[in-house]
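The following blocks contain the structures, represented as structure tokens.
You will see chain A twice below: alongside chain B first, and alongside chain C after that.
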Partner chain A sequence: MIVSLLSRALMMSTPLLYGSIAEVIAERTGMMVTAIEGIFLMGAWGGFVGTYLTGSAFIGILMAMATGTMTAAIYGIVCIFLKQHQVVTGTAINILAAGFCTYFQRVLFGIPTSPLKIDPLSQIAIPVLSKIPVIGPIFFYQNSLTYLVYFIIPLSYFLLFRTSIGLIIRSTGENPEAVDVAGINVNGVRFVVVLLAGVMGGVAGAFYSVGYLGMFTTNMIGGRGWIAFAICFLGNWNPKGAVIGTVVFGFTEAIAIYMQSIGGGSYFPNELFIALPYILTIVLTVCRKNFNVPAKLGVAYSKEN
Partner chain B sequence: MEAPYFELRNVSKYFARVVANKDISFSIGHGEVVALLGENGAGKSTVMKILYGLYKADEGQIFMEGKEQKINSPKDAMALGISMIQQHFSLVPAHTVTENIILGNVHGKIDYEACKKTVKNLAQQYGFDIPVDAKVSDLAVGVQQKVEILKALYLDAKLLIMDEPTAVLTPQESEKLMEFVKNYTKKGNSVIFITHKLKEVMEVADRIVVMRNGILCGNLNSKETNEIELARKMIGKDIVPAERKKEDTKQEKEVKLKVNRILVQKKGELPILHDISFDIKAGEIFGIAGVSGNGQDELCEVISGARKVTEGEILLNDEDITKLSIQERIEKGMGYVPVDRHRDAMIMNMTLSENMMLKTSFNKKWKKHGLIDKTKLDAYTKKAIEDYMIKAPGPDAEAKGLSGGNQQKVILAREVDNGKELLILNQPTRGLDLGAINNIHTAVLEERNKGKSVLLVSTELTEIFDLCDRIAVIYKGGFMGIYNHDELTTGKIGLLMAGYVREGEV
Partner chain C sequence: MNAKIRDMIVTNFLAIAAGLILSGLMLLLLKINPIPVFKEALTTIITDKYTLGDVFLKATPLIFTALSFAFAFKANLFNIGAQGQFYMGSIVAIAVSLQLQGKVPTIVLLMIVFALTMVAGGLIGAFIGFLKAHYNANEFLVSMMSTYVVLALMNYLLRTFLKESKGEYPQTDALTRDAWIPNLLDGTRLHVGFIVAILVAIGVWILLYKTPLGYRIRAVGSNASAAEMSGIPSKKIYIITFFISGALAGMAGFTEVNGVQHMLIQDFNSGIGSAGLGIAILANANPIGIIFASILFGALNVIGNLMGRMPGVNVPASIVDLMQGFVMIFVIVSYFFRSYLENRREKLKLQKKAVGE
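Coming up: the complex of A and B.
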């Protein structure tokens, strides 16, 4: 039972990993991607539509990347080049995304009597590895998106801390002037990482529709984009920290679902478990000390000053 | 004749409708040190930023050894061997020295060990003692500047542009920097340094280019000119220095401010201020000299009430004010001009009138039937505008529309009026041009002659020497001593600012 709970926790963590790592990389350049909730939702919708219309989950996920990137691009253009406030812009885009999905979902499919279904991604058992007791069923009996994230975690760490691109990314959030003087286009760097956050956030969104539920509803993200946003803070702007934070959140979510399924509601109100990750966000954000905030987080860069 | 190393021809730059540079032409040869002299806002930094590719010139050309070059970004400039050290260092404080130096100059995977070694070797070559693994935020300002220079040397710069390099240094550190400049140019490299300090210009420059209001107004050989001629060219008119009358020493004056053994310390950290005691008499200007960041700002905050003391007491006219709030201290007649006027002294989007009542808004004198008495406030502001010769359209003008010097005059006018007893000035002339500095100095001396006590914090030694009756030197949060005006020389004060107690310790 514990094994299936942990396996479930890992699965629920996958989209949060995509989202929070994307957020870590973007925030290291000073860009808070506050549109992450909207990017998740657009990814979920794009993934569903792509898969439903073509029957291919692969194309669906590509579509999710495209819709996520599109949303991120709007955010990037408004915040980076038009220098608007990041939180205000992000909030506006999140509202826009919700309206966009609802509207076009109805334009495409009308109001169906029963929910439209697609086949969710299947669990793939990795030969040999999945046979290892305990570890095997937890780590090596997952869907393809979870396997992909196994590679993204070390890759993102390596990128940030071992390569020249990572040095540039980290410097951009601390002192963009230094980057500018070194002959690198600050706003270009920021735009690229925001687009990257769009790609990864899109995949995260698709995980909910294509990878797990096999359907789309306009409230299916339900604040999980914000959780990814919070994990980036809790993880101290480090991919390693993001992994730890994500596992905690994935675990509580898995417990909530599990308690619901065994009827734990007779002992505890089920709403408490559903609310648990959100309560945890608040508690941990307040308790966490020694923040390593990028110095220029949320500040637009303009040269002429 | 051989073509000069770099040449600017008729370079102009406009910001919106303001002319920043007009028709600037000058050249620099191999192995030459050129000083770019001018007041703040004369356009010195702008023209150098054009040469370095940070700004784009609207008109004009740049030549390198007779060939025209298009410099569109710092990358282009670096490819030509140009490097620029900004006035505000462009270092990443949270990163190490090595990371700062290799930023943007390595590709792919970084071999940190190899990079460290290269940086270490380079530092040794120029006799710089720099810990390559240290975080930049942990280094002293003088060392940070060396990191900046090293960054340029790492790129094999042949022309080094330095924007006000000595502004943050002690006299001794400045001397070392000048030594470096001489060594560096001996190898055939060139240096342009931007400054408004006449003394260092005469010391190290081969040629002096003077700018005023965006126009080039002099290109002189340093051997054929002198400081008086340069000052005249730079300002455009002769300036009458504010004169400090000798104080009347016979008369015993009352003590207004008394500070007793102040300690400011956070738990488990080194003290920010320790064992600070002094007093200021009526009609006295008490100066605090020192390199910035040695506790000056904190001391001003402690006296004005913005920061709590851990131990010690502060007396104003024999009354203990240590526990009083900022507002209560203002009511007792304390005026305070903080170092960062944009952050602590003004609201840029408000009018001058509103700014004038900012710190006394609680006072009943501004109220009429419970509302702000705008007529009275505007009249008061208008008078300040006239008295201090503030260039402003009127009391309803927004503060952000004024130049830095005029903004500072508004603050000074307000604080002089608030500070009926004591006036605290933290670097009141920082970033201002000579004309405005002169106005402010005159006003401060006038207040002194009226019998006010003035606490003046400054990093400019000339300001300290011109104005102060007694001078304390602050270093790492403690006083190195309190001296009468005549007891100090530039050399001695420089040593004290660097923390040396006796000259023998160097």
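Coming up: the complex of A and C.
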């Protein structure tokens, strides 16, 4: 039982890992991707549409990357090149994304008589490894998107802290003037990481529609993009911190689902479990001290200043 | 006319037009010709009193949520949680009204409910401000998360304590007429709450620009450490600002529950928090501008609904979100062009001066 709970926790953590690591990389350059909720939603929608129309989850996920990137590109253009406020722009894009998905769902599928379904990604058992007691069923009996994230975690850490690209990314958030003087296009760097956040956020969204539920509804993200955003803060802008934060959240969510499934609702209201991740965010935001905020987080860069 | 104001009007107008045109093009995808649809919707608004009243009716809560965001924004604080504060106001409005209706005169009931919704929203706000002031918590995150917590609380209450006496749906009993906000215009749904909203907007403007407290709030907003140096306690200002910001959003609960819906249901007005934010941006956080921008959004809402009801056309309701989203994006983009125009004007002025000397 505890094994299935932990396996569930890891599964629910997967999209948050994609989202928060993307957010970490982007915020290290000074770009808060406040459009992340909209990117998740567009990814979920794009993934669903791609899978439904072609029958291939792989194409669905590519489509999710495309819709996520498209959303991120609009955000990047407005915030980076037109230098508008990141929080404000993000909110506008989140509203637009919600309207866009609902509208185009209707354009493509009309009003279906029964809910449209796709086959969610199946769990793949890794030979040998999945036979290890306890660890096997938790870590090596997951879907492909979860396996992919195993590689992304160390890769993102390595990229940020062990390569010259990582140095450029981190310097762009701390001291963009120096990066500029070194002959590197600050806004270009920022735009690239925002697009990357679009790709990864799109996959995260697709995890909910293609990877797990096998359907699409407009409220299926329900603030999880914001949780990924919060995890980035709480994880101190570090992929390692993001992993710890995500595990905590994934675990809370798994407990919530588990409690609902065993009828915990008769002891505690279900709504308490639904609210738990959000309450946890508030508590952690309050408890967490000594933040290592990128110096230029949220500040647009222009040469004249 | 001042060149800056002219730019603002022109660019905003163009942005709104661009947003509407793009939404119109989206209708083509459903093989609907947007021109007659828009035309019919606009004629209905202008000629039909009931529909026109609805524009202002829809604008009312938006004025409050927009003021809520704008007020905190003046102190350089982000209150993204107006939706939750509005829900808290709604919960209090329905609970108190159900208790008091028939027991006290309408006017007394309305005044009590109004005051309590303010306090309810305000306390949620003050809590966020308190965490910001004393724990340096990121108010953006906390306010965002608080909405989901209040939403869960509301759903819980609708299922339990506030559930209708029939016990069928997760919604409350309807209020009797004793607890309704009086109508403003016969033949419409428009109620006195609209006037209250306008008065509150004017009040917020006075508070911000004509009182010492407003000055302090704006001082903290433009430079918190400089304000601190000159003896303004920025922590206290954070809490006060957030209290007022939350109270403004809470008032929307009063006008919506007692004025429009007369009951509380699930997913009640779920978009007014974010729409309020958009309106605040559109109006550049100016309380008086917010009144007009809210009426515009109210009109977009009504246009969308009218389109959805037109016989034989079948425009989906989501066109409203699409219109609002596009308008917001274009308005944000127009800020860029406005500052570009202003820079160019300043440069020209300097050049002229240099040539003159």
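Quick note on the criterion: the second predicted complex is superposed on the first by the 305 of 305 C-alpha atoms of A that agree within 3 Å, B and C clash if a C-alpha of one lies under 4 Å from a C-alpha of the other, contacts with A are read in each partner's own complex, and residues count from 1 in each chain.
FYI, a contact is a pair of C-beta atoms (placed from the backbone, for glycine too) under 8 Å apart; a residue touches a chain by one contact, two chains touch by 3 or more.
None of the values given here were measured: they were computed from a predicted structure.
J.: Specify the partner with more touching residues on chain A, choosing between chain B and chain C.
T.: The larger set of chain A residues in touch belongs to C.
J.: Looking at A:Thr163 after the superposition, I want to know if it touches chain B, chain C, both of them or none. Which is it: first, second, both, neither?
T.: In the superposition, A:Thr163 contacts chain B only.
J.: Answer with first, second, both or neither: which of chain B and chain C does A:Val179 touch in the superposed model?
T.: The answer is first: A:Val179 touches chain B but not chain C.
J.: With the two structures laid over each other on chain A, which partner does A:Ser171 touch: chain B (first), chain C (second), both, or neither?
T.: First partner only.
J.: Output check: A:Lys117 vs chain B and chain C. Expected answer is one of first, second, both, neither. What do you get?
T.: A:Lys117 sits against neither chain B nor chain C.
J.: Does chain B (first) or chain C (second) touch A:Lys303, or do both, or does neither?
T.: Only chain B is touched by A:Lys303; chain C is not.
J.: Does the superposition put A:Ile279 against chain B (first), chain C (second), both, or neither?
T.: A:Ile279 sits against chain C, while chain B stays out of touch.
J.: Where on chain A do the contacts from chain B and from chain C line up?
T.: none
J.: Going by the contact rule at the top, pick out the chain A residues touching chain B in the complex.
T.: So the residues of chain A touching chain B come out as 162-164, 167-168, 170-171, 174-175, 177-185, 292, 295, 303-304.
J.: Which residues of chain C touch chain A once you look at their complex with the stated criterion?
T.: 26, 29-30, 78, 80, 131, 135, 137-138, 140-142, 144-146, 148-149, 151-153, 155-156, 159-160, 271, 274-275, 277-278, 281, 316, 318-326, 328-329, 332-333, 335-336
J.: Inside the complex, what are the residues of chain A that reach chain C?
T.: Answer in residue numbers: 74, 78, 82-85, 87-89, 91-100, 102-103, 106-107, 222-223, 226, 229-230, 233, 269, 271-272, 274-275, 278-279, 281-282, 285-286.
J.: Chain A touches which residues of chain B in the complex?
T.: The touching residues are 15, 53-55, 73-78, 84, 86, 88, 90-95, 99-100, 102-110.
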